[in-house]
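In what comes next, chain A is part of two complexes: it sits with chain B in the first one and with chain C in the second one.
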Partner chain A sequence: MLSLKKLSTNLLRNCGPLGAVSTSLYGSTSQPSPSRPRATEPPKRVVFISQSTDVFSNLAFEDWLYKNWSFEKRSILFLWRNSPCVVIGRHQNPLVEANIPYLESAGVPVARRGSGGGAVYHDHGNLNCTFFTARERYDRRQNLELICNVLNHDFGIQARANSRDDIVVGHDNKVSGTAAKLGRTSAYHHCTLLVRTDRQQLRLALQGDKTIQIKATHSVSSPVANLGDIGGKDMTVEKLLASLGRTYLTEQEQDPRLANGFTLVNPTDDWFPGLGKIEADLRSGEWIEGKTPRFTIRRSVSLPPCLAGTSASANITVQAYHGVVEEVRLEDGLMACEELTDLVLDISTSLKGTPYTPGIFCDISNRLRVPQPLHTQRSFL
Partner chain B sequence: MASALRCIKFSYRFLNINHGPTQTNIISQHGPWCVYGRAPTHAHTHTLTHAHTPTRLVTTTACWLPLSPTHAHTRSLDTHTLHTHTRSLDTHTLHTHTRSLDTHTHSVHAHTRSVHAHNRSLNAHTRSLHTHTRSLHTHTRSLHTTLPTHKLVPFILADIGEGIKEVIIKEWYVNEGDTVAQFDSLCEVQSDKASVTITSRYDGVVRNMHYSVDDTALVGKPLVDIEVSKEDDSVGEEVQEGEAISVGRPVEEAVMESDTFTLPKGKILTTPAVRRMATQHKIALHEVVGSGKDGRILKEDLLLFLEHGKPTTTKPTTTTTTPPSRVPPTHTHTGVGAPVGGVPPVPPPVVVKVLGQDRKEVIKGFKKAMVKSMSLAMQVPHFGYCDEIDVTRLVEVKASLRAVGEAAGIPRMSLLPIFIKAASLALTHFPVLNASVDDKCENITYKASHNIGVAMDTKDGLVVPNIKGVQGLSVVEVAGELIRLHQAGLKATLTTHDITGGTFTLSNIGSIGGTYAKPVILPPEVAIGAIGKIQVLPRYDSVGEVSKAHIMQVSWSADHRVIDGATMARFSNLWKAYIENPVTMMMYMK
Partner chain C sequence: MSAASASGTFKASDLQIDFCPPENLKMKPAVKDLVFGRSFTDHMLKIFYTDQSGWGQPRITPLQDLRLHPAAKVLHYSVELFEGMKAFRGVDDEIRLFRPHKNMERMNRTAARCSLPTFDGDELIAILKKMISVDQEWVPHTESSSLYIRPTLIGTEVFPYSTLNKVHPKLGTPVTTPYIGGHWKEQDNTSIDWLIKPTLGVQRPVEALLFVILSPVGPYFSSGFKPVSLLADPQYVRAWPGGMGMMKSGSNYGPTLEVQRYAEAKGLHQVLWLFGPEHRITEVGAMNIFIFLDKGNGEKELVTPPLDGLILPGVTRDSLLTLAREWGEFQVSERDITMTELVQASHDKKLLEMFGAGTAAVVTPVGSIHYQDQVINIPTMDHDQPLNQRFYKTITGIQYGRIPSPWAIPNQ
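Then we have the complex of A and B:
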């Protein structure tokens, strides 16, 4: 809830003195205001277009703007494209969302962004838009409506925003996903727009390991479509970019000559001091893996004959938090022989604190095979 | 020591002392007094417990050491207590010590949500502590005093927007015991697709994190408690500290307490400052209705009590004998329709305090908004047009109007809805009066809807809600809306929708009194009318005879930049024609 003072100031600006009188008399209005009142002086609009296709540079620039720019007088639309990559949400688990082994082999980077929401696949056929505003002016629907208007008017595509704030065409084929980040004074809302994305790659890239149990944000998958398929052959990312930028600038009936127009930005540290550090943080394992919420994976590991009791395999659960192994547990421990239980306990102690990797189960399996005395030595390494 | 014990007993003569086991001394509850258990020479921990609740608190007397807490949240209290009582007891400054108790109990109050009565008793108990600690004078020589500095404030999760009621905590950036500054990030929450960084509103130390990662946090509920320093005035509005208890005058205060303090019948929650004020004004606290949290009596309640002179359990709504200043103009049973003829004005039964000396106040809040709006209005060049309306015919049919109103569910139908409807009918012929100009007077918008505002006087002053679309409403519907707005005005539940969007205003100042007026236009409207009271005056009728006539004055003001005198005059004549001859109105009713 806006503080009373802020609400009165807003109303004073928008509804005139009487509005403010009534508010200060009666406190905040009885029904919650769904959107905050706009200031009478709409902020000037600026469009930034990124010259870089590196996902980390672009994400770093996004973060840099969010932290260093004041949006009281200006709102910004940042348009950017990336070479193939997967971007997961702030609180997601990369293993669950993306097919890490495949991506690693293909050399496709995985990045974690600062806003919430689900995982997306970017490539050159995908356009990203980020709407930066002051906190009070944050309005996702308004931004999505602007995009839908552009698609309708300029490209003849009947697009609409659904209740999940995705832009859909036709029979609920998703062409855009949305995420947002709100801070104390600034906020941004960004979304993707699929124009000519390689859908097969998208599907392969986002096939994560669904056997992992997590409390992190789950992605909700929907059937996707390319705008380029619907809009015709001459619809390109560049055209969409130009249309969006133009509409954004002229939407509030400002004289386009007064608007600052399109600005090309090169997101490097030379132009934007401090960007280098943000980019380095975004690339670091500490951020990408280290922000993973707690998860557990349960796999069946085959046991060597000396340990196998009633069954030839055991269910081992690995629990990790912030990308680091917390515990290795034996499920159905009652059925196992004492040796196995002790062994698993030792493994847990030795693996605790080590970074989680998908190959950990191999490692556990190997450790289980090692004869007892050697193992006890290892556990103290 | 024995003498000390006797002193304790003396001061607690009203109470039962239970010399039970040390750990759980029971305090009997006779209103605000609390008992401390044992004498201070025992170097064991001492607890204050309420007879009905098991919460433990630590006392702050001399050599008593804090008990290891059973509740997690009293843990923080421990350190405070230890801090204060090892430092706060000095032969000369016992009262600052008791003030520390005050603080603690306040902080504990904020802490322990369920033990209100207990804490309240502790609040009040500072006074008893005066005598108590005075008697312990000799035992506390070695300890020094510092003023207490902390109180615990719950940091409420503010509205994220978009109607979101709950969010999931994704990450904490602080731990319990960390020092945070205002605007430091506390945690990251996620609502749907938005990731929000919650920043601290206060400087202080984090205590009590109410949620852990992946929990669902509710908007409007506390997220963490932050311990702030007491000098921070912007914090903790529900916890109001009294003024500093003066040092070195325990005797007088104690005497005053025992003389004037009545043992209340039930539990009463107030702060020491309020209690002192109550005793100064000789108010029995149990008669005052508290309007604060949990029925707490606030300073405002005492002032209200003083004004009315007797306890009120409900706000006065519509009574026939309330003073004129309290009756809003829409209720015409005391205003329009009441003949004057020699009745002296009823003085308001308000206890008016004569100002002993000049009092300076900063204009802020509502008053400031009024200053702003009126300053804006005065930039508009007004002209006035006044006239006299003969409402005899309307008054004659008032009884049947009332009857129809009752049947339609309108209690006590007055003439104001008719005036409003007549104004709307006249506005259809003069749409320029229902227009709106912008700031620089470059554009004029002729509004389609007649949203007629009615000025209302509420206890906080002037407010002008409007009735939307009068052109499409019947008189009964207008009356119903009037009643709804009036009720909302009384309960302070008027919405922005009610207040904004007006195109024309009528002010029924006559319900309070007066004849001619010079009303001020409310921008961005262009016209306003003020209706005076109905008087019975002698007038010549059509046959040249003097007869009784019910005369009402109306005063119009209009924006002379867009309205000319002739337009206003013709509008007024048309309105007058409708009112003076209701049949005409009926014939032209749309």
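Then we have the complex of A and C:
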């Protein structure tokens, strides 16, 4: 007896391209209807591992996945590592969070991610995990528990998640950071794990300029620890990566048929069209510096004898917004001579609209020493 | 009686998967370096067969070398067959297989003729879907990327030793002799002779291995449709009556490599295979051949050689014939066509187009044929809307989900 399945398969085999019903090949608006899995069927799980260590490519890929994919049928754990870099939160000030002059001289990039939260330092000893799910399956706690189970089970490290969603070991030493993004249909939870991070570099990199006054999000610093210090020399990023991936795929409640294994991803535009644009935006000054909220910074600048009145120095405040100078102000203006006041006004006019850099006070100091005649400053306007 | 009943079949529900561990995954090259047949995915499928125990358990494993006894039949007498088919990442990012049942039928027909075991094609399709699902990220998310699927069936002689340490279920001792066909032979003593003695005799193999590997193909663009030049030399014969021309067996392709080299040495691209004293046109390279003629009475005719035993029943060939009949705009003939007729049609300016048809490129336009002392030029692409391009757009439209069709099976 032919089963119904065999009947329909035979039909498909012997008929023309449009099946038994003859309609025009063109102009048919009906989509082929594959048998859809029931909405309640649990999604397959797959582990993506980035083959790039460039923070901009990886952040761009995270964003690309979030924007372009639906996670109804597949949940994804994306594991990635970066070459040394600093990543600040969406609303933070890079000057406050990171030691920009040091990082520039060391060639360490600073990136701004799309999600909120604090600044972190990444290097090869740090593992990033991003859990992608459909919006209704978003469960931060579950992800943190998975990580803690792996650490306890596979590496003998007593780790737990605290109320701030940090993973801590020992006496509240932080080994992770968490950030998240929730959209209408998709969500991701990003967690970083310190395994063998260079803690000295971390400290140096995150020593920002605390004299800057801001309304932006401050990072909350906590004592950190490396999992590698506790887990022994067998604990490496590679091993943790493999353990996390395996556990994610084969967690007890998961039907083994839902596991789809590991795969490498090459986060470039030719593999994922549209990724190039996201990456270019992330690299742009417009994004990194340009999203910095308004801030002011005040320094004492020494004055040349011709300008010095009762004091040999003056307090100058620079105000910037979105990384661009808005105003240069002279504090204690009442005590200054008219020449100084006018000079500072001119400096403000000429520096307004230029990008803020940490070297600006040097520039201001030079301009005070060698004042330009007023008419030459204006001659090109 | 289905072809599968002769040797039973493996079952997709028995499929076991050993995922490639992260440290052994292969780096993905830039998309432009994904040349056909150069890169392979991370996994493969293996299913063993023995006469004694039938088909074994299907296993997806990391891509790995095969271990064969030097007396394995495939190495000596070319007891081998293969298939070529593709999965496509559509415009909606869904993956689709193109007419896989046709390949399964052909694979079983060839197996029966090649002294190899047959199986239920539906089971293999279900397993292929899982394989493609596991390795799907090897297909870029751009338009016109695909995954080439290469199922292969070879005659082995000695079953390769299992690489896993196995313990005899009754004796409890470690087993060093082979694990045959997914079943432990029920023996109750220690002198178990599971080794099937290898033999160089020209005999049917009693063991076989079905394996499948996948190769990602990056996008190629229709601007790359440069017509090819052909060498038509009757001294080289691809297939003959009573032979295996209609089977997709490796033994048909190995001998063509050297002839291909002669053609390239003459500065030509491919070989046009002729047969018989009348120089019948049979195939081109590793593709079927189509010729589009102007009949002179306002009608046109699409010609391709009939399936008389010399011709491989290509899936693309069948698809083009079906489409052409569906369109009903010109005569569609499966008939013999000779070089004489072709030369005459060319003189009379009635030879409109000539193109190969195959899985790799769908259509390959032919620009010229070097035959004896003449060069026949064919204006294949010199029309407003060449038929071969219309075929290409329709077939790829179906494959990439632009045109709904039961020919494109979702990989669910």
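Here, the second predicted complex is superposed on the first by the 328 of 381 C-alpha atoms of A that agree within 3 Å, B and C clash if a C-alpha of one lies under 4 Å from a C-alpha of the other, contacts with A are read in each partner's own complex, and residues count from 1 in each chain.
Here is the rule we go by: a residue touches a chain if its C-beta (ideal position, glycine included) is under 8 Å from a C-beta of that chain, and two chains touch if they have at least 3 such contacts.
In this text, all values refer to a predicted model and were calculated from it rather than measured experimentally.
Asker: So in the superposed three-chain picture, is A:G116 touching just chain B, just chain C, both, or none of them (first/second/both/neither)?
Answerer: Once the two structures are laid over each other on A, A:G116 reaches chain B alone.
Asker: Per the overlay, which chain contacts more chain A residues, chain B or chain C?
Answerer: Looking at chain A, the partner in contact with more of its residues is B.
Asker: Is A:P355 touching the first partner chain B, the second partner chain C, both, or neither of them?
Answerer: It touches nothing on chain B or chain C.
Asker: Is A:A180 touching the first partner chain B, the second partner chain C, both, or neither of them?
Answerer: A:A180 sits against chain B, while chain C stays out of touch.
Asker: Please indicate which partner A:G156 is in contact with in the superposed arrangement: first for chain B, second for chain C, both, or neither.
Answerer: After superposition on chain A, A:G156 lies in contact with neither partner.
Asker: For A:P293 in the superposed arrangement: first (chain B), second (chain C), both or neither?
Answerer: Only chain B is touched by A:P293; chain C is not.
Asker: Touching A:R90 in the superposition: chain B (first), chain C (second), both, neither?
Answerer: first
Asker: Once the two structures are fitted together, what part of chain A is touched by chain B and by chain C alike?
Answerer: Touching chain B and chain C on chain A: residues 12, 15-19, 25-26, 30-32, 34-35.
Asker: Going by the contact rule at the top, pick out the chain A residues touching chain B in the complex.
Answerer: Residue positions touching the partner: 1-2, 8, 11-12, 15-27, 29-36, 89-91, 114-118, 138, 140, 164-165, 178-184, 189, 215, 217, 291, 293-294.
Asker: In their complex, what parts of chain B are in touch with chain A?
Answerer: 158-163, 170-171, 183, 188, 190-197, 199, 213-214, 220, 365-366, 369-370, 372-373, 376, 458, 460-465, 492-496, 498-500, 522-524
Asker: With touch defined as at the start, can you tell me which chain A residues reach chain C in the complex?
Answerer: It is residues 9, 12-13, 15-19, 25-26, 28, 30-32, 34-35, 37, 44, 47-49, 51, 238, 241-242, 245, 249, 259-266, 268, 270-273 of chain A that touch chain C.
Asker: Over in the complex, which chain C residues touch chain A? Could you list them?
Answerer: Checking each residue of chain C against chain A gives 17, 19-23, 25-32, 42-43, 94, 101-102, 105, 122, 133-135, 137-138, 140-142, 319, 322-323, 326, 394, 398, 401, 403-408, 410, 412.
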